[in-house]
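Chain naming follows the written order as A, B, C and D, and within any one chain the residues start at number 1.
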Amino acid sequence: MIDVLYFAWVRERIGVPRERVETRAETVADLVAELCAREDRYQAAFADRQSLRVALDQELSSFDAPLAGVREVAFFPPMTGG
Amino acid sequence: MIDVLYFAWVRERIGVPRERVETRAETVADLVAELCAREDRYQAAFADRQSLRVALDQELSSFDAPLAGVREVAFFPPMTGG
Amino acid sequence: MRVAVQEAPFDLGAEAAAFAAGARGAGAVVTFTGLVRDNGGRLAAMEIEHYPGMTEKAIASIVDEAVRRWALTDALVIHRHGRLGADEPIMMVATAAPHRADAFAAAEFLMDYLKSRAPFWKKEIGADGAEWVAAKATDEAALGRW
Amino acid sequence: MRVAVQEAPFDLGAEAAAFAAGARGAGAVVTFTGLVRDNGGRLAAMEIEHYPGMTEKAIASIVDEAVRRWALTDALVIHRHGRLGADEPIMMVATAAPHRADAFAAAEFLMDYLKSRAPFWKKEIGADGAEWVAAKATDEAALGRW
């Protein structure tokens, strides 16, 4: 089980800010593929990988990163703070 | 007649903040030479030309600038504001 | 060093004055304040979403990096989230250093990294709908200079 | 645009707040404040001499140049003269612009030019005598980048 968080328009497309996901995905990319296979709203959110960022346990990471030991995955658009 | 102003350590070496000078000097350098010929305190102030700046009518200028029409000449060290 | 991530407004004058008063030994204090632009009157409000937990860690790590790179005597970051009106301060950074070059460089570095590496997302609420602010290529490119 | 050359102290918090409040339409406000360094406790006071008349003209011309070069919505320069104590603010500049790069660049430009082209001279009064502050080659060199 892993906590998956969504922010900004990713959250809006998926419809929830966070959820617990039962998965055996080995990488972030595998997890994204699993989610997209479930429902259209995930496909809408993950359609353009270039415009998405991912954090693993609150550290910026990449889609090919392994999920072993990770408790929290977050998906969001490029940041626009400041 | 021309007003000659001195600032910072130039003022301290010459001993007055300003004076009116009767001169026919054609350039700033000529005026400096005239002043240095008068008294040692001017020589002390003008000894190192590299460490001096000059303004003509309140605009930064140079030692080879002509004095024709100028009413106010100021001598001072490099600025240290800010 | 102080980092504040908060919904409440802050008083930039009071923050700047307190920061400078605490910056003893520093000759140079730089502040940057980001304000909500009203886009020529079309903006009703700005909503800022963030990632509680990661936000604080990301900012602390950016501040640590600034302190490591420049001779700073102090640094401050305040960033708001939630709903803001036009012309309200969104965030500020302040840096104090013996020399101005360090204070300026560190403040610009903090801004560049906060823009693109701290998990905040802005949404502009206008009369004609709401829109997420898109990240600018120039902001990402700005990181390359450090 | 406001330029103030004054003997009286100024309240940097109040000045920064008023400047930002007046900067409507700007998204970015940068301030720089220069403080008297106490040189590890050896400084009793700093005396700043200036050239009344030329000072105001020189600063106005530096501000004009900044406004010509960058997209600023406002700019402020305050510079004190006379006798100042340790940790007192000597001067401040503030810039407001739609984009932060302009606000930062203009503030640094103003500082570089005020340092070396506005007629102020600092004298440090210490327990062991008084000394005119020497101009730094790095300050003159800083002008070359603009």
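One rule holds in what follows: a contact is a pair of C-beta atoms (placed from the backbone, for glycine too) under 8 Å apart; a residue touches a chain by one contact, two chains touch by 3 or more.
Given the structure is predicted, the values throughout are model-derived calculations rather than measurements.
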- Chain-touch separation of chain B and chain D, in steps, is 1
- Query: Of the other chains, whose C-alpha centre is the longest way from the centre of chain D?
  - Reply: A
- Task: Can you check how far apart chain B and chain C are, centre to centre, with Cα atoms defining each centre and the answer in Å?
- Result: 48
- Item | Chain centre separation (chain A, chain C; CA means) in Å | 26
- So, in whole Å, the Cα centroid of chain C is separated from that of chain D by 23
- Mind pulling the residue numbers of chain B that touch at least two other chains? 82
- So chain D residues touching two or more other chains come to 34, 100, 111
- Pairs of chains in contact (touch as defined earlier), listed by label: A-C, B-D, C-D
- Query: For chain A, which residues count as touching chain C in their complex?
  - Reply: 5, 7-9, 11, 55, 58-60, 74, 76-82
- Over in the complex, which chain D residues touch chain B? Could you list them? 34, 48-51, 53-54, 57-58, 79, 90-91, 111, 114-123, 132-135, 140
- Item | Parts of chain C lying in touch with chain D, wherever the complex brings them together | 11-18, 20-21, 23-38, 87, 89, 98, 100-101, 103-104, 107-108, 111, 142
